[in-house]
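Have a look at this one.
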Amino acid sequence: MKANPKDVRTGVFYIDGDVAAAEGALAAGCKFLGGYPITPSTEAAEAFARRAPQVGAMFIQMEDELGSIATVMGASLSGQKAMTITSGPGFSLMMETIGFGAMLEIPFVIINIQRSGPSTGLPTRTGQADMMQARWGSHGEYEVITLSPDSPQESFDFTIKAFNLAEKYRAPVMLMSDECVGHMTEKVEIPEADKIDLEPRRLYKGPKDKYIPFKPDKDLVPPMVKAGEGYRLYLSPLSHDQRGHPLLSQKSTTRRIVDKIRLNADDIIETKEDGLDDAEVVVVSYGITSRVAYRAIEQARKSGIKVGIFRLITVWPFPDKRITELAKRVKGFVVPEINYGQIVFEVERCVHGNANVVLVPHGGGWVHNPDDILGAIKQIMKAKKRYEGIFEYKTELEKLIFGSGVQKK
Amino acid sequence: MKFWRRPLDIDEIKIPKGEVHIIKDRCKGCGFCVEYCPKEVLEISEEFNKMGYHPPYVKNPDNCLNCQLCEMLCPDFAIYCIEKEEEGIIA
Amino acid sequence: MKNVKHPMDFYLRMDRMPHIWCTGCGIGLTATAFVAAMEKAKLDTNKVCVVSGIGCTGRFAGYIKLDSFHTTHGRAIPFATGLKLANPELKVVVVSGDGDLISIGGNHFIHAARRNIDMVVICVNNFIYAMTGGQVAPTTPLTAYTTTSPYGNFEPPSNIPQIAESSGAVYVARWTALHIRRLTNSIFEALNKPGFTVVEVISPCAQYYSRINRLGDGLDMMKFYHENSQIKHWEPTDNLYIDYQKEIIVGKFVDRERPTYSESYKKWLAE
Amino acid sequence: MKTNDKGVLTGTHNLSGNQACAEGALAAGCRFLSAYPIPPSIEVIERFTQRAKEVDAIFIQMEDEISVLAAVLGASWAGKKAMTVTSGPGLSLMMEHIGLGVMLETPCVIVNVQRCGPSEGIPNSPSQGDVMQARWGSHGDYEIIVIYPNSPQEMFTQTIEAFNLSEKYRTPVVILSDESLARMVEKVVIPPANKIILEPRKHYKGPKNKYLPFKYDKDLVPPMVNAGEGYKFHITGLTHDEKGYPVMNEECQELNVHRLVRKIRNYVDNITNIEEKNLSDAEIVVVSYGITSRTVDKALKQARKDGINVGSIRLITVWPFPDKEIMKLSKKVKAFIVPELNFGQILLEVQRCNYGNAKIRFVEYGHEEIQNSDPILNAIRSLTK
C-alpha cells in the first residue's frame, strides 16, 4: 500500500525533529492525535494541529496524559491510525494504558521526546533515560518495539516505520526521540506519496459470523476489525481467550503477546553497522549519541585504533544475537548513553563475558563530549585483563565535579 | 481641598504623605504602577535598568498620599511606599 | 540594590529574584496579594506550607519563603492533602494554574473539595498553557486562538467557581489581578476559614494568550479588566462562564460552613 | 531507636501476608497509609484501618493511585512515616510519583501485591511480572531498593526493614508481594517492641539558618527536616542545587543523577540481603525470589536424595541486584536454574552476571502450578543428564 498523496507534504523542508515526526505521522496516514502539552514535544502537537484539518485528521488536547493515551486506544479500535506525543513525566503517566494497549493488541504509536529526569528534571534539555522504562514500564509481561532516530530526517522516516510496525504486529511502538533531535532543525526531504510504503491494517476478511478477535495467523498476529462494522466486538483487558472473553489462566493470550515479538524479532530488528569488519572496539549507540560517537570514532581511526559503530535503530527488541556474535571477535564495547547505564546492561548480558564493556555515562542535559568516548575507546585498548562487571568510564564532567579517582561498579 | 460644608472632624484628619521608593533593578517595566497611580506620581523613565527595562521614576513626589496601590500592583516587588515622618498637611 | 529592602522581602526568597514571570504577568500580582494577605493574617510563618504543581504558576512555591514544595503536574492538591493530614498543625496553601488544577488535576480538585480538606487553593487562571508555549487550556474561552487551536477554540471552557461550589468548597471567590486589594482580602478570608477554599485569579498572560490573540500587552489586559469586570457578590456560580473578551463577573460567590475532613475524621473515630 | 509500644502487637498470631505487612508497618512506626482499593492488596488497608484508631494513625482512600502516592510523599515531608499498598495497574499509575519521590529523596514505602498482567490481567492470581517495572518504571535515571519476602513472617520483618532502608538512604522502597503470599495464612511471631530496631529519620542537626535541603553528607545522603519546623525550605522536582532551587545546567544535572544513583550503588553490599543454602558443594544453583522460592526447598531435598549437589540462593532484596555474588558463583558452579512466575525478567539479570560461565535454565511457572516443585526438579535432573 502506498501513502495517500493528500497526506504527504512532498518537498524539501528545513524543519525540526518534532515537526518532522508530525509530518511523518501524517504521511503514514495517522488520522488521530490525542496529546497533552509537555516540553519538549509540543512543537509536534502544534504542527499536527495546524495540518490536521487539511488532511481530515483529528487533533484533541486532552485533560492529561492518561486521557490522551486512552483516546488513542479508542481511535485505533475505531479503525484510524492513531498516536500520541509526550515526554518523560507524561510517559510515566501513560504506563498503565500502554499495558492495556499491549493486552488488547491495539496498534498505536507513542512518540517520546525524552528529556532529563528523574521527575521534572530539566524540561528543556536532552536525555536518554527512558529506554528501560519503554520496555519495562507497565506491569505484567509484554513486549514493545522502539525506534531511535538521530536526525529530523530519521524522525520523519522512523515515524512512518513505527506506524508500519504497529500495524504489522499489533503492538505498542515507540519512537524514542530526544530533546536534541526534537529541537534540531535540519533539511528533511519528504518524498512523493508513491515512494512511501505503508503497511495496511490487518483486516479480517472471512465471513462475519466466524470472526474470533484473537485468533492468530501464522505469524502469531490476529487480524482486526473496526468498531461499528457489526461484529459485536467484546474486548476485555482481563486475561482473555481467543474470543476475547475473560479467561483466568496465564495460558491465555498473554504468552502470545510476548511471543509474537520475540519470535519475529529477526524481522523487526534493524541496526546500522559501520566499520565493523576490522574493528577491535565497537561503539554501541542509539539516538543522538550515535552522532557524537561518529566524531570520536573518526578521531580514534586517525590515531590508528580500529573502531566500528553498531547503531541500534530498534532498541527493543534488543539485537542479542549480533552482539553475542561480535563479542567473540572484538576486544570490547563502548556504550555511551545519556544516562547512568541502561542499554549497557543489555550489552553486558549479550557479551557473555567475551569482551570488556565500558559505559560512558552522562547525567543528562547535554550530549557527550566526544573526548570522553575516545577516552573510553582507548581504555579498552589499554586494558590488559577482563574487567569484573561494567567499567564505568569517568568523564571529564564527573572529574570536574567530584575530582578524579577511578570508580568501578 | 474645597468643601461645601466644613467637616466636623477636619482638624483631626490628616492627609497622609507618602514617599515612593523604586528598586530599579527589579523592575520589568510593565507600567502597572504608572497607569494606576491615582495621583499620577510616577512616570516611565528614559533610563535602562540592568535587565534592559525602563523603570518608572517619581515625577510628582508631593502628590503621593501613601495609598500603596503601586506597591500592591507591582508584580516584581520593585516599588514600595512608606509614610513620611513629617506631619501631613491639614486641609 | 542589595541594601534596599522591600517590606515584603521577609516572605520572599530574595536569593532567587528576579522571578521568571514575564513583563505584565499576573502571577507576580498574585504573589504580592498572597504576601499581603499573609502579613495581614499574622499566621505563624513556620507553619504555613505552599505547594505548587507545574507550569508558570507552578514556580510560585519557589519564590515564597515558607516551607514550599514544587511537585508534579496536577498533583499539588494530593501532595498538600498528605501534608495536611499527617501534620494537622500546618496551614497548607496550594497555588497553581488553571491547567494544573482543573485539567490534569481536575479529579483531585473535585475530591479534595468533596472531602473538604482544610486548604487554600489559589488558582491563577490565564486561559492558556503558558509554560509550554501557548496551548489550549480547559479555561480557554470559545473562539480564542492558541497554538493547538490554530483555527480558534471550539471547546466550551470550564467554569472554575461552579466546579468548586458543586464539589463542596466552602469559600469561592474570583478576582482579576487588577482587583488587588479585594483579592488580598479574599485570600486573607480564605486563610482564616477552615475547609477547602478556592480563590480564582484572572490573570493576564502577556506573552502567549494576548500575543496570539493580538490583545496587546499586560497593561492592555489590565485596562480590559478595568472596563469589563463587574463585581457581583453572591452571583449564582452557573452564571460565571467567561466568554472571549466579554464581561467578567468577579466577587465572592460562596461562603458556607461544612465540617472539614479532619474534624469529621476525629469525630468519627471518637464515636 | 526503638519503636513505640502501641504499634507492636507482640505475640504469636496467625496472619496472612497482607495482614503481616500492615502489622510490620505499624510496628515500624508508620502512621500514614494512603491507598486506593485494588485486589489483591485490600487486606493491608483493612488491617491498617482497623488498628488505626488505637495507634492514632491516619488512613485516607484517595481518588486514584496517582494522588495516593502524592499524598504519601506529602505526609512523609510532614514528618510521618508513610506508605501505600497497591497492585500492578496501580503501580503503573504511581510511576510518575516514584520519580518525584526519588528526586525529592523522600523516604516512603510502596507495597505492590503483584497480580497477573499486563493491564487488568487476572486480578486474583499471583505473578512476578512487575519485578523489572519496580526497577525501571519511572522516567529518568535512578536506583531503587526492592524487597521481596516469601512468607507472612518475613513480610512482617521485611516491612520494618523497608522502612529502615528508606529512612537510611532517603529513597522510596518497594516491597513486592504477590496474590499467593498476600493471602497465605501462617504463624507470625511479633517480638516485643524493645526487640525491634528502627532507623530514625536522618534529621538535620545544625543551626537553623544554615540548613540546605540537599547538602549531602559523606554517604551522599542529605539530612532532612520536616515541614512546619521553621526551616522555610524549598524543594522541587526540577534539577536542583544544594539549596533545592532549580538550576538549568549540565553540572547540576550530573551532580543530581550521579548522587541519586551512587547513593545506592555505592552501598550495594550493605543493602543486599540474600539467603544461601548448601552453596559450599553445589554444582547447580537455583536462583529464586519471593513466592517461587517456596517451591525450591522441596526440589532441593529431593535432588539431594538423588545425589545431585544442588544449592540455592534466594534474593530477599531483588534490587539492587547482587551482581558480585552471582558473578562469583558463576565461576564455581555448572549451572543456574531461575524459576519465575513470568516470562523471564530476573533471568536476564542472571544471564548478565553469569559472564557465559555457567549454563542457565529458565523455569517458567504458570500461576496454577505455583505449589508444584516438579518443574524445578525436572530442570535439575535434565542438567545432570
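Which chain is which? They are A, B, C and D, in the order written, and residues in each are numbered from 1.
Methods note: contacts are C-beta pairs under 8 Å (C-beta built on N, C-alpha and C of every residue); 3 or more make two chains touch, one makes a residue touch a chain.
Everything numeric here is computed off the predicted structure, so don't read it as measured data.
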Pair exhibiting more inter-chain C-beta contacts, C-D or A-C: C-D
Averaged-CA centre spacing for the pair chain C and chain A, given as whole angstrom: 39
Distance from the mean Cα position of chain B to that of chain A, given in whole angstrom: 60
Junction residues of chain A - those touching two or more other chains: 89, 119-120
Interface hub residues of chain C, defined as touching at least two other chains: 70, 72
Residues of chain D engaged with two or more neighbouring chains: 66, 96, 99-100, 236-238
Inter-chain touch pairs (all): A-C, A-D, B-C, C-D
Footprint of chain C on chain D - complex, ascending: 31-32, 34, 52-53, 58, 60, 62-64, 66-68, 70-80, 82, 96-97, 99-100, 226-238, 243, 245-246
Complex interface listing, chain C residues touching chain A: 54, 70, 72-74, 103-104, 106, 129, 131-133, 135-136, 138, 147-151
In the complex with chain C, residue positions of chain A that touch it: 35-39, 42, 45-46, 49-50, 53, 59, 61, 63-65, 89, 119-120
Chain C residues within the chain D interface of the complex: 13, 15-16, 45-47, 49, 51, 61-62, 65-72, 75, 77-87, 89-90, 107-108, 110-111, 265, 269
Residues of chain D touching chain A in the complex: 66, 88-89, 91-93, 95-96, 99-100, 102-104, 114, 116-125, 127, 129-130, 132-133, 135-142, 236-239, 248-251, 253-258, 260-261, 265, 323-324, 327, 342-343, 345, 348-349, 351-357, 366-368
